[in-house]
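Shared between the two complexes below is chain A, which pairs with chain B and chain C, respectively.
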Partner chain A sequence: MLVLQAIIEGVLVGGFYALMAAGLTLVFGVMDIVNFAIGALIVLGAYLSYSVCNHLHIDPFLSLLITTPLMTGLGMFIYVFLIKPIKTNRVVMSLLTMFAVATLIEGILDICYNSGFVQIHASYINNSLKIGKLNFPLIYVLSFLLSVFLLGCLFLITYRTKFGRSLRASMQNPVAARLVGIDTDRVSMITLGIGIGLAAIGGMVFGTTNAFNASSSYDIISRLLVIVILGGFGSVGGALVSAIFMLVIQDVVAVVWSPVWGSTTFYMILILVLLVRPQGLFGKKGVRAQ
Partner chain B sequence: MLNLKGVFAGYGGGDILRGVDLNIEKGSITCVVGPNGAGKSTLLKVVSGLLTPRLGEVTFLGESIAGKSPQSILKGGIVQVMQARSLFPDLTVRENIELGAFLINDQKLVQKRFDEIMDQFPMVKDRLKDKAGSLSGGQQRTVEFARALMLDPALVVLDEPSMGLEPKAAASMYSYVRQMREHGRTVLLVEQNVRAGLGLATHGVVLEAGRVRLTGTGKEILENPQMKVLYLGGSTQQEDA
Partner chain C sequence: MHKLRLGSVANRRKVQIGAVLGAAALAVTGLTVPNAIAAGKPITIGISVSLSGDFSGDGVATQQGYKIWAAWQNAHGGILGRPVVLKFLSDASSPTQVVTNYQKFMTADKVDFVLGPYSTKLTKPASNTANRYHYVMLEGIGGGPSVFSRGLKNVFDVSASATYQLVTYAKWLAATQKPQPIAYATMDDPFIQPMVDYARAYLDKKGFTEAVYKVYPAETTDFSPIASAVAATGAKIAILGTMPPDGYAMVQNFIQAKYNPEQLIMASGPDQGADFTKSVGITNTEGLMVPNTWIPTSNYPGNKDMVAAYIKAYGGDINAINADVPEAFAAGQVLAEAVNKIGSTDNKKLQAYLHSGASFTSVQGPVQFAADGQNSGAAPYVFQWQKGVYLPVLPLGGPDKVSPIETMRPDWGTTPGM
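Moving on to the complex of A and B:
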């Protein structure tokens, strides 16, 4: 029964990581950069929700109506003013830029909120959902449902809209995309906006399920990178499977063996997979033409 | 139709094109040949807007297009088919072709163009649901041609259309190029296969070290003694002998 509980909890928490990893991998697919600031941006999202909830006394989920557009705008701002002007050695310079953004955000949050741990509160945070003999924290279930809904939206945008088609084309061959009239700069700007907008949602989920401070970003970024590498950079489906897989493995090992070995086992599996498939589970070798 | 005057362009490490003057006539097939590094692909990038010239004028139908984005150049009626395989491999053949009309918002017009293209390229019709990446090299080239025509361009720019194709597939590509001209389009192409390219063309241009060295009809260029020595490795002389 404990193992079943661990598996389901792994899936529930995995939904949150899947959503964040999907944003990360989309940004990588379109722009060829790893958004190293994603951890700091998720923590920024958590602090924004924390502040909105405390000042306006509204539900954390409702706070997303304010924080998500703000963070989406921030993503577009970062693209237009920091990434787009880079003309040479774009991949490396973009990485450094995102690292600088992360450091800047962490510093500002440290000044504004001090380094003490905080957590987003709501009346139902400690409630559980009971199914048979199993108990699940309600906030995990709600977060999972939100993640599934948003992943569904992301799927529809990517596969059923004109923007989605231009997004997929830009991911596969950016030069050819420009030659059919796709404004790849606009696609990149919107994609980074979406990726960072998702960080607002991830931040709220993270902040309601964990106590956090400005330095909490390091644990998040390391986990997300591992998920995206295992799934295969640029593969949204790979990120989803890998996120669920990682959290389930971690939770099951923690229950049947020891919590200490939870993450370690996952990293060992990651190394084994990469030895056999260096491109990750669902990544493709040389998928991009340019 | 297309005029280049004193065009200098490069990639930051010096100019590749060093004062190119060129005039492409309406309804012609102009083939640009030259040794590796002569600037053939760079020339096409300047025309399609992928590269902004450092100096010089580029006009199309009397309007300056130098420095304009690929999007606005497409809108003006110039479409380029890239040298390397330029399809989106994980998108279906239908999606790839429809992306050729990305700039058209009128869905009825897109459908009309799509139907016309299907009549011109029957092979494509049978593979619409397949992923583009699963097609052979020749089939991919055909889909690229089909996609390029979705905007009904006045000028089609082709970068080495026969590259990597077996002779039969290459012959098909050349016949598609002739068809384009028969349909009233102007074609500017770069071709490594000098004999085939100039044999197909109404006009030829020899580019060397970023400058235009020779111009004339395709036949004149092919028969130019300088050309035989420089670019055909003297093989024609041996044949003549």
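Moving on to the complex of A and C:
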């Protein structure tokens, strides 16, 4: 029963990690940028939700109506003013730029909120649904449903819209996409906006399930990178599968054996997978080499 | 020994500068003007603090403790009659950066003394560096056993040793309760895990069995499987080796799992004042326990001044003061007492004196160093949240008055009589 409980928790928590990783993988797919600021942006999203909830006394999920557009705008701002102007050695320079953005965000948050831990509260956050002997924490259930819904929307946008076609074309071959008239700058700007908008949502969920401060980003970024590497850079579906896989493995090993071995076991599986499929589970071989 | 000769122009200027520095420090912390103001060439003390990274919450509290101590010390004649000036560098919670910081203090800045950083993880490399440059390192917040097992003679912990911090509770448990299964979960931290392991070994010998024992890595963010494993045992007593954010998440997961242990003690977390109550909710704090080396209402020298200065400078109330504040303050106090006693800024003489078996007083109580540098004179307390108030409940029969311990926690979210 404990193993089944661990599997359920792994799937539920994996859902919201997938949501956070989706933004990271999408941005890499389109722009060849590893968004090293994703951890800091998730924490920024958590703080924004925390502030909105506290000042307007609204539900954390409703706070997303304010924080998501704000963070999406921030993503577009970062693209227009920090990424787009980079003309040479773009991959390395953008990596450094995003690292600088992360440091800047952490510093500002430290000043604005000091370094004490805070947590987002709502009346139902400690509630859970009991089915038989199994326990379903309500906040994880809600965030999982939200993640599935948003990832579904992302899928529809990517595969059923004109923008999605432009986005996939930019991912497959940016030069060819430009030649056929796709405004790849606009696609990149919107993609970074979406990626960082998703961070706002992930941040809210993170902030309701963990006490956090400005430095909490360090614990998030490594996990997200691992999820994206296993799933395959650029693959949203891969992020979902690998996030759930990672969390289930870790949780089951934690209850059956030891939490210390949870991460180790997952990393061993990651190495084995990468030996067989260096591009990750769902990554396309050689796409970025074009 | 530096003596002031007020006759010379140069020394008069030093006196003026010292007085200004002392007054400025007082103004910052809001302490009242004392009967003796330090003057002369400042005593410089280098301290690395974690203002960002994993330890930033505690790092800021550590810095606050040191700042308040310096102002208090200056208001009480400084060290050797000279004002204390603290130099801070942030180490971003990095064991590499902390080494760089102390090297800079000792080689470039040539400070008179150094005091310890936050955590065992940083104190280990920092004290190695201090040893290399023949500096003493007094500290109050890095007392994991591994700091003292390396044969270094220059590191001294003014707080109760980590190993023994849960022993007060374990002894009380063995003396008052029937042997029964206990659930353990602890972070693999060099300070925290030994606390739990020592208490566990003690209780094992007394016939208490292990319902579960889980060690989790420091970078864990998903505590649900660990909490589920603990909850599944249904153990009435849980002993957790948590750091602040982990403890908060663990409480949340226990509530979600509807696990209500009768007794729940955490290595750290409930001692974090307002951060703790805001994160877990004040009604969920009832009955939660934590070991601590300090009583906010203590009459030990400097404590009332420290509490007043803290509240004036940083706000909040007595329960909101992070335990790192008195731990840092105490390190400064012992340094000042020892240096004033030997009448010299020579670190070699200071080290010899600290090893001499001499006793010191601090806001945390008596300090006396064993051969390995641990404080053999301290008696750890146990605190418990009762009706929204953070109260000392153990040890019984000790020097301080303690409140009756609540042996049966109520269900989460309920506080009888509140």
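By our rule, the second predicted complex is superposed on the first by the 288 of 290 C-alpha atoms of A that agree within 3 Å, B and C clash if a C-alpha of one lies under 4 Å from a C-alpha of the other, contacts with A are read in each partner's own complex, and residues count from 1 in each chain.
Simple rule for what comes next: contacts are C-beta pairs under 8 Å (C-beta built on N, C-alpha and C of every residue); 3 or more make two chains touch, one makes a residue touch a chain.
None of the values given here were measured: they were computed from a predicted structure.
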item: Which of chain B and chain C A:247 touches, first, second, both or neither; value: second
item: More chain A residues in contact - chain B or chain C; value: C
item: Touching partner for A:204 - first (chain B), second (chain C), both, neither; value: neither
item: First (chain B), second (chain C), both or neither touched by A:169; value: first
item: Which superposed partner A:178 touches (first chain B, second chain C, both, neither); value: first
item: Which superposed partner A:114 touches (first chain B, second chain C, both, neither); value: second
item: Partner chain(s) touched by A:259 [first = chain B, second = chain C, both, neither]; value: second
item: Chain A residues contacted in one complex by chain B, in the other by chain C; value: none
item: Chain A - residues contacting chain C, complex; value: 1-2, 5-6, 9-10, 13, 106-107, 110, 114-119, 121, 125-128, 130, 135, 137-140, 206, 209-216, 218-220, 222-223, 247, 250-252, 254-255, 258-260, 262-263
item: In the complex, chain C residues that touch chain A; value: 51-54, 56-57, 59-60, 93, 188, 214-217, 219-222, 224-226, 228-229, 232, 244-245, 248-249, 252-253, 255-258, 272, 274-275, 278-279, 281, 284, 412-413
item: Residues on chain A engaged by chain B in the complex (per definition of touch); value: 88, 162, 165-166, 168-169, 172-173, 175-183, 287, 289
item: Of all residues in chain B, those that touch chain A in their complex; value: 12, 48, 50, 69-71, 74-75, 79-80, 82, 84-91, 95, 98-100, 102-103, 147, 151
